[in-house]
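Below, chain A partners chain B and then partners chain C, in two separate complexes.
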Partner chain A sequence: MQSRYTTLTVTAGLFMLLFLAGSLQFDGFGSTRVFANLFSDNAFLAITAIGMTFVIISGGIDLSVGSVIALTGVACGLLIGQYGLHPLQVFPIVLIGGALFGAGMGALIHYYKLQPFIVTLAGMFLARGLATTLSEESVPIDHPFYDAVADFGIQLPGNAWVGASTLILLAVLVAAIVLAHFSRLGGYIYALGGNAQSAQLMGVPVARTTIAIYAISGFLSALGGIVYSFYTFSGYSLAAVGTELDAIAAVVIGGTLLTGGSGYVVGTLIGVLIMGVIQTYISFDGTLNSWWTKIVIGLLLFAFIALQKLLTGKRLLSANGTREFSHA
Partner chain B sequence: MSNLQSAALPEQPVSPAGLRGKLPSLSGRYLWPLLGLFCLLAINLVLTPEFFHIEFNDGRFYGSLIDVLNRSAPVALLAIGMTLVIATGGIDLSVGATMAIAGAVCANLVVSGVDSVFVLLVAGLVAGLVAGAVNGGLVSILGIQPIVATLILMVAGRGIAQLINAGQIVTFQHAGFAFLGTGDFLGLPFPVVLVLIVFAAVQLLMRKTALGLFVESVGCNAGASHYLGINARAVKMLVYCIAGLCAALAGMISAADIQGSDANNAGLWLELDAILAVVIGGASLMGGRFSLVLSLVGVLVIQCLSTTIIMSGLPPKFNLLIKALVVIFVLLLQSPRFQAQMAALFKRVKKQPGRAA
Partner chain C sequence: MTLLSLSKVEKRYPGVKALDGVDFHLREGEVHALLGENGAGKSTLVKVMTGALDGDAGTMTYLGKPLKLKSTAHAQSVGISTVYQEVNLLSNLSVAQNLYLGREPKKFGLIDWKRIHRQSRAVLERFALDIDVTQPLSNYSVAVQQLVAIARGVDMSAKVLVLDEPTASLDAGEVEQLFGVLRELKSKGIGIVFITHFLDQVYSVSDRITVLRNGTLVGEFETAQLPRKALVGHMLGKELQEAAHRSGTREARAAGEALLEAADVSVQGSLQPTSLTVNRGEAVGLAGLLGSGRTEVCKAVFGVDKVSSGKLTFKGSERRFRQPADAIAAGLALCPEDRKTSGIVGPLSIRENIALALQARRGWWHPMSRAEQQRLAERFIEELQIATPDADKPIEQLSGGNQQKVILARWLATEPELLVLDEPTRGVDIGAHAEILKLIKKLCSQGMSLLVTSSELEELVAFSDRVAVMRDRRKVAEIEAGDISEDTIMRAIAEA
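So, the complex of A and B:
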């Protein structure tokens, strides 16, 4: 039990260390403004990664999230632009759509005993394909509501701006913490990831839980897609390529065990912030190129997986990479 | 329905008896992937009769079929490596990034004045071998789940390739190296010949030595294989290294084909195509029995599908959507078998409680 907090502490410590290092090195890095921007710039990723956290805690994986973000954006653009619906009418539609998409994948995974990896891979193709079919071009979103959202926010001291996307992220975070630790479903998810067989024997409704997990992930990806469209004022079928990997990396850096059963939503948020700090550091530095971000994130991923292994000792060894997705 | 069942039988995870058992069910195993391929070819025949037209010009064959073969060469190479990795119960997501690295290494060597094709080939292959060894080390020595272990290189690999290229798209002129991607040999495009050579080499290595058996055994039950005296770690290390080498070759073909190295786009998403090809070929992602031939059939199915979509006049934007639907269909086709297996397994476990442990 203690080891879980250890990873979380290491993650939080690393974030503070990186932020401190940046602040000491560059003028203006250690400001509330930069800190607030970490949230607003990465809100869509954080929201998506929070959904991914539940999936990974349950012992699964969801590769479709990036495509769902793109599909949501394109759907929003078309429904608002071509069909003249108000964004507030469109959002429930795409959110429910995202949840149903996830639920469908969850049902395939549970009822047909297919591996989450391959089902969500197919889901990734399907969502990306649907988005491309709807529109190959970028669909601009031009609506007074979007302008209002962009203007909405709270001014903090130090020229920091807490915008709508940050507020949505914080709301999702609170909801996710309540779901994970103060609800029955949350308990089921942890139980399923700890040991699917024991969970079933203890009376966890595996079917309902599995479907709910992927529905949550689909819902949050769609929400991430809406937030993403707030930045770009458009929907594009090739948007957010590779977000699924960033989300998985954030979850792992946040201390969630890849074997399932253990992890914290807060850790994932800090994981996203760490990735954001690295990006900010590189843009402040100016001489480093953006591809260093990928290399550093890769190294961090390795370091955290090695740390997980060290802390959990034999547990990962026994999994030994052969049957990690087995539901049986 | 009876077809489905006959196809289903041979795909059970290899039990010790299944390993020894000969090929009464072979036709069933080959039935679905080949049927799919023939259906696609038939559709093409109806749509465009000239699809099967092959011309011999200037010492080389030309035609749509040759194009299909040529275009599928990189994925075919990846699929050969991927088949072995999947047979051990693993997965390699990093092959696309490895392609980019190998391409970048070769392109920069050419630009810096290396002229010998042999040196270029060796350099590219060494890059692939290192990438494969990193994956293999993470999986077999550290015991990290393959999907995550290879995810590291998938993320970092493109960064490394961009680092080698200094963020540019590096273009080059080198007739000898370009031959890898655009040359022809014995009337066939050289990439196709290369695929055939690699296929023959790996097939011989796997089927004429006990190695193939070891790979399947490790995929079925790594623990049991260990007690049988098979060095499961070494076998896993080997298959990831082979996958790395195959990816490097694929990367060099792609780089030679466009006479340049684009770290962002070289081999992008091809790892997924390679995995799909193996799945369409009927291999179980849980590991166990594998067939290189079927994986190559899977590659051709994917490539024919893309060609068919273009030939049929549908806009290419439907490509991804149709591919996704085909994957889901193939998965579902395989699943009743899985349910039946589960049912059979539970029955057996009930009858012999001792085996449950």
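So, the complex of A and C:
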């Protein structure tokens, strides 16, 4: 009966296990500093993955997020460096741009009945190409505001630092939870992922919801791009290549069903943290090649998909049973 | 008082007139059964009534005012709710979410879950449902889901409730529970449109009946004044002969040994225990209304549906086909009812479509040469007179009748001992129709056994050596060669 939370529990348990294992093995691993860094190092990925969570819950996919991060970075760099705009003027522009880009893909998907995979794949190439056209070189961002952002933060005991990126991430997380569980749009997103046809018959505004879902993902990847530029102080057209796949992996490890209809935003955050903790573990070890991160994540993904099949297998069976029934 | 009335509704699809000037009137506080066989236009009419489809012509009056529906959401907002056969709720969401999706009460701009759960429990109490509303809907049975769907419709202040085959997957107790709810809703003045294939249910719950046939209105009747046989006659488009039934003229042919014997075979949820024998060289007709269990018999015999009890004997030994491939290997073949979705492979050529089953039977390690396929295709094109310039034309470009012949050819190529044909003449033009009937007779005379379902009585009379009559998912009668006539079959279908 409680299988709704099973994958979430497993994910959280796994994170604690990994963190504990690292703490026992290495000095200084089990500290608030390492824990806080998990958030700040992966904030851009987590923000993007939260947007991806909504897309996947609705039964779709968004492959364009990595490219949107890069495009956002390049646009920020050019607008701030070449056109002399203040970052606070630039951010609304790129955020709205990201949202519109996503909304456009959502509209294509809905009105032309196209596969999200293909539409967002096109969006991925388009955004990456656009970023490269704007500047092939990395565009440095040198602005007092960026320095101020880098210095902003809260000092926690144990030499832990909660910076602007982490704070933005936490704000996004809260907003996403409210959206998912305390707004009508959230209900519509889960409904679409459950069964689009039924949702439509129940009066869910499918067009509006689909467009909103991809707009949210576009908006959050643009926000992810801004946060990414906080680390790099630059915008580069080849940045964040493959981030869309990391985001999808985090969503799945976080317990969201790839088939849609079920999943939690918090799970995605934990998914990102798990990927981060593996990376940290490998860097603490020092002897392992960093590609081991990918290998472990690959194995984890397999394990989680198997777990999901196991958990939903029973449900699928009963769904099939009723289908046979209603054909009578 | 009339709640909802539709008049002169027309709907045309390419090549078909689905509705041709149909009238429908629903009164306050009545259960109005909407009946008709396949292609009668029931579902089209319901779609027009509930805003899912735009009629091409005709008017709709609701509560005394003209109404033009823009969408199902619009229909719901004015009080016309629909519950479909396939429960169209969202099984991944909780019961409460399903009840309140899109109209959640809010507090400080956020969804007020406490209130939703409290109200959901109150709503379901009226339906005598005591379940945990926070659990996903998928945790509950189809019957409960069906009631939740109705509860949602009624709670959205429905004045008109359209139930499209709500009982198709319910057992007897659950049907009674549902009918109890319907009677209560009726007493509150709600008008209920009830679509079903079960005549018993029509008589036990409905006040009036509207019968459609081939997109036209046959009539509107008071249930109490319409004898069951007259109703069946209206649905099938045959007037019952007043005189005692004519007996058939056919001579009973000497029956061969039994080829297929089904003893009390049942399929959970779709077929009651049914016994049936098909002898060698015999064509057995399966008669019955839509939803009576005809197709289910074919599926059970062919291993499409899992047989849950009973014994199936083929060629003298007990068999249990786990999948169609087993049945094919044993010497059976099935032409399914729905040609488009489970018969033809549209883009493939006639040659490839014909070779498919034989190839599958041989296994993929023994490929057929192209020349062999070509010979096979040409033989059948000639034998069955398939109208095509050559064997390489994609099957989707053929007419319905010719597609059906190709599928027949596919199965004949495997030289089955028992050929099961589910509605072989559906959607086939008159000429091809006659040829398919002729072919059935020819196959029988060659010693093949056939099990054929049909909703057309004259067809059953024309080819059957014996007719098994299905009703409410069980066999209710078997008519021997000498007694087969349209009249006897119809009586058997209607008999209470």
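Here are some notes:
Just so it is clear, the second predicted complex is superposed on the first by the 312 of 328 C-alpha atoms of A that agree within 3 Å, B and C clash if a C-alpha of one lies under 4 Å from a C-alpha of the other, contacts with A are read in each partner's own complex, and residues count from 1 in each chain.
What we mean here is this: contacts are C-beta pairs under 8 Å (C-beta built on N, C-alpha and C of every residue); 3 or more make two chains touch, one makes a residue touch a chain.
Given the structure is predicted, the values throughout are model-derived calculations rather than measurements.
Touch criterion met: A:188 reaches chain C, while chain B stays clear of it.
Using the contact criterion defined above for the overlaid structures, shared-chain residue A:262 touches chain C, although it does not reach chain B.
Within the superposed three-chain model, A:291 lies in touch with chain B and out of touch with chain C [touch as defined at top].
When the two structures are aligned on the shared chain, A:201 is found in touch with chain C, with no touch to chain B.
Of the residues of chain A, those at positions 319, 321-324, 326, 328 touch chain B in one of the two structures and chain C in the other. Across the interface of their complex, chain A is touched by residues 52, 72-73, 76, 82, 84-93, 97-98, 101-102, 104, 110-111, 135-136, 138-139, 142, 145, 152, 168-169, 268-271, 291, 293, 296, 305, 473 of chain C. Here chain A touches chain C in the complex through residues 1, 4, 178, 181-184, 187-188, 190-191, 193-195, 197-205, 261-262, 315, 318-319, 321-328, going by the rule given at the top.
Every residue of chain A that touches chain B in the complex is listed here, in rising order: 61, 108, 112-115, 117-119, 121-123, 125-126, 128-130, 132-133, 136, 245, 248-249, 252, 258-259, 289-295, 297-299, 301-302, 305-306, 309, 316-317, 319-324, 326, 328. Every residue of chain B that touches chain A in the complex is listed here, in rising order: 88-91, 138-139, 142-149, 151-160, 162-163, 166-167, 219, 221-223, 236, 263, 272, 275, 279, 285-287, 317-325, 327-328, 331-332, 335, 338-339, 342.
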